[in-house]
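Two complexes follow with chain A in common, the first pairing it with chain B and the second with chain C.
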Partner chain A sequence: MNQFIYGLILFIVLALPPVSNLLESIMIVHMHMQMPLLVVAGFFMGHYFQLRFPEFFQRWNENGIPGILLFTIIMIYWMIPRTMDEALTMQSVQLFKFISLPFFAGVPLRDSWPKLSLRGKNILITGFTLMFIGMGLLYVLSPEQLCNNYLLVEQITLGWGFITMAICMVIYLAYKTFINEADYE
Partner chain B sequence: METTLKQSWRDNAYRALGISPEDAKLSKTYLLVSFTTLLIGGLLGLLQGLNRAGLLELPTWLNYYQVLTAHGILLILVFTSFFTIGYFYAVHSHTLGGLLPKVRKLAWIGFNLKIVGLVLAVIPILMNEASVMFTFYPPLAAHPVFYFGLVFFVIGIWMCAFGSFIQVANWRKENKGQHVPILSYFATGVFVLLFFSSIFVAIEVFMIIPWALGWVETINVMLARTLFWAFGHTLVNIWYLSAVSAWYVVVPKVIGGRRFSDTLTRVVIILLVVLNIPGGFHHQIIDPGIHESVKFLHVFMSLAIGFPSLMTAYAMFAVFEKTARKKGGRGIFRWFSKLPWGDVRFLAPMVAMIAFIPGGAGGIAQSTNQLNQVAHNTLWVVGHFHLTLGTSVALTFFGISYWLVPYLSKRVLTPAINKLGIYQTIFWSAGMVFMAGAMHWVGLLGSPRRTSYTTYFDNATALSWDPYLMFLAVGGTLLTIGILIQVYAVIHLMFFAPKGETEFPIADVEDIATPTPYWTERWGMIIVIMLLVIGMGYVIPVVDMIINAPPGSPPFRPW
Partner chain C sequence: MIKNSQTTLSCILVILFGFVLFYVGTDGFRAYTAETARLYKLMEQNPTLPHVTLEDSNSRTYPISDLEDKYLFITFMYTNCGTVCPILEMNMGQVFNLLPEEYIGEDIVFLSISFDPERDDPATLAEYKSHFYNADGETWRMARIEDEEELDQLLETFGVIVIPEGNGDFGHNSAFYLVDRNGVLIDVMDYTKMDEAAERVISILESEKGA
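Then we have the complex of A and B:
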């Protein structure tokens, strides 16, 4: 229950208009801080839903794959430049952002992650790494302004943010591949 | 849970027989270089102090800025890094069952590279071709050889970092599922920070070299400064983490107590490693070209680093009180009298810790935007780092030397040298109270840093600084006496003290301590999180500095 309360508090804080305006005023903070924090809020709240509706998760997310697919679809959707623009200009899309990221991405991630095999987890991280490299190149190299609400320099910053995170994930995957934990633990 | 660890026979053999001659030679050599540079750098500091007080006019062939650059490079880069490496290699040798031959070789290669780098950097300083201060950032341009020296120095540090990683990885392979002994865990944190932060300064130096050689006309000053402080700030915390290792592990043993909590200690190390590098921005609070919002974000980052320090303060005083009360200490403060104030191995680090209370508070004050505007380019800042580095770190290093040097040389700390160490600590403390105190105060009155003595044509405000600057000189003189005593003590303990066995003091955890969770050993994950935090801190400002860069600056040599 504690985790649910922490998640809910985080969710409410993120939804406060001054906080949401501040975070959305910088493109990279919008995508790489506000959105992941919404997922984190859902991740924490998810524990309560797991306890409250165990049968639902057991029936619909038995092996974790449906949940992780839903998570991936939601994440990909919010990486598209146009969706960010729409969230800033249309209240209904903003509402969808605040519902989809915690409850359709955070909650299924919570339920699916422990159910995935190590291989499944690594495939997911590899997929996201490739996606981040692709998105990073798109945002860095595009000569056009992709969002009406953000300047070109913010777009390039976001691109480098993607590439930096991709580098971190590559290091993580290399660590998992080349270092055999059984040698040490 | 170090106490419950099953040690391999090799570890036990090393603990019983003491350090091997090869390992001892390595650490002794590092420490000897460290204290030699302390002597030279300290004497140069005296010249500066006397000059700033208007008591000594430096000759034209050795001007104030040359002395300032040499003082900074010798004490901030050389004294500290050689001590840290010598200390932690002795730690590895003691707690991990002796250094592997290849690790020892790497440390010697690192040593030689650093010495070559040092010589290359010092020659242009002596020739007055590199009076660029220890921060060496553009647009001040030194002779290219100065930067070549820095490259060798950084590569030397990397060799030692790799050696440490290999040693720890090898131990973990041989001791599966066990926690790395706490001091070697500290060493891992220190070398992770040294390695990753020096990547930033390496990039900066490789930007500067073609510019200093005249191959490119201009340089991005903001970017260079940012890269420098990503390294510079982390370096500060590397010394701090080295000092903290002795506070957590050695001091409790010296006072006859136990360590506070193994988990808390490791979490403090992890937090310092993860949060550290982006903290560099608080050195740039008054730099133009960085958005207010970014500076605000980084004030948060800087204050976050203060959090583990507060945990440390709590832990240390809890250990002191617990130990003193076990020895019969009573009252709210009377129990302090039960602590071994006559033992330099305790007194020096204890004074160091006490100095960190005003030192840390001053640091928090400086991280605040408006207060930094007042203090930034004044002697306040110099006072601040003489309190933190010059006292908290240096005095802890001195305190360590009174048991580490005899341990390495298989000699003993005699009562006479212990007494000398007490006097040394008193001289050092008094010197710093005068010098750092005067620097803080006169800084608030507006006296600038990095400026040789001037009355600004007998301007009344500038003349009003003079009494404080006199205190600065008095403090500097006391510190020089402290340095002479300290270097004498180290030489004596290394070569002349009576032969005997000295213990490597490592405190145990409490008997009722809870087990430390194993995730603390997963350095791969910790490093990835650290890199993500660095990305969070640096992507926005660095992209801005590159994309919206001004035309750049040609090299300047105002001296």
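Then we have the complex of A and C:
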């Protein structure tokens, strides 16, 4: 229950207009801070839903795959340049952002992650690594301004942010592959 | 077994949801940036030119409707711009060159509109105009819109987004805008594809002559 409260508080704080305006004013913060934090808020709140509706998750997300698919779809959707622009210019898209990221990405991630096999987890992280490299290159190399609401220089910053995240995930994967944790226990 | 099939079903539902989400979100997998979406929408709406008053490089002031019996080939720029605008205007000059002379000034007028009226007074525009060989001030005019409300309305109608960068520069989207004799926006074209733009204009003017 505590977790739910923390998640809810985080969600409410993020939804406060001054907070969301501030975070959205910088492109990289919009994509790499506000959006992940919304997922985190959903991740915390998810615990409550798991306790409240165990049957639902057991039945419809038995092996974690539907949940992780939903999570991935929502994440990819919010990486499209257009959706970021429209979140700023259209109320309905903004509302969808605040609903989809916590509840369609954070909650299913919470339920699905422990259900996935190690292989499933590695596939997911590898997939996201490749995607982040791709998005990073797109944002860094694109000669055009992809988002009308953000300047080209911010776009390049965002691209490098993507690439940095990808590098971190590569390090994590390498660590998982080459280091035997048992040696250090 | 039953539980398993439910999970399969939810997989399918999730994928379907994703498909619909992406389909709706990108106008049927066509528009991945707000700019392309804007162009599709503009093309569907065919907005008309709002009432604006131009002040051109010869210090003449007149409503844009004075030019409306001709086609208008419009770009939006500001003279202090060191990046896109010179290219935009140069490319505009190339389209100008590609059109048969008989149409120039008779059927079509080129118009560069500044969205920085504070600095782009007639003298500045005249100086800027001199860098472009074809810009004679008549068949290719450069003008500002002094009234901020009018300017904003025009930019909004044509979906031109201008972001001040704080240091006197602006971030903005660029395109060729083609307006017909009734003041209706009929096409927004890629400013880097001069041949295509010229062909498009010629085909419109020719079909009109033929009719």
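Methods note: the second predicted complex is superposed on the first by the 185 of 185 C-alpha atoms of A that agree within 3 Å, B and C clash if a C-alpha of one lies under 4 Å from a C-alpha of the other, contacts with A are read in each partner's own complex, and residues count from 1 in each chain.
Keep in mind that, in the parts below, a contact is a pair of C-beta atoms (placed from the backbone, for glycine too) under 8 Å apart; a residue touches a chain by one contact, two chains touch by 3 or more.
Values in this document were obtained by computation on a predicted structure and should not be read as measured data.
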Contacts of A:87 with chain B and chain C, given as first, second, both or neither: neither
Which superposed partner A:75 touches (first chain B, second chain C, both, neither): neither
Which of chain B and chain C A:149 touches, first, second, both or neither: second
First (chain B), second (chain C), both or neither touched by A:157: first
Partner chain(s) touched by A:38 [first = chain B, second = chain C, both, neither]: neither
Chain B versus chain C as contact partner of A:60, first or second or both or neither: second
Overlapping contact positions on chain A, where the chain C interface meets the chain B interface: none
Interfacial residue positions of chain B with respect to chain A in the complex: 169, 172-173, 176-177, 293, 518, 521, 524-525, 527-528, 531-532, 535-536, 539-540, 543-544, 547-548
Of all residues in chain A, those that touch chain B in their complex: 26, 28-29, 32-33, 153, 156-157, 160-161, 164-165, 167-168, 171-172, 175-176, 179, 183-185
Contacting residues of chain A [partner chain C, same complex]: 58-63, 65-66, 69-70, 73, 77, 80-83, 85-86, 89, 144-149, 151-152
Interfacial residue positions of chain C with respect to chain A in the complex: 3-4, 6-7, 9-11, 13-15, 17-18, 21-22, 25-26, 31-38, 161, 163, 165, 171, 173
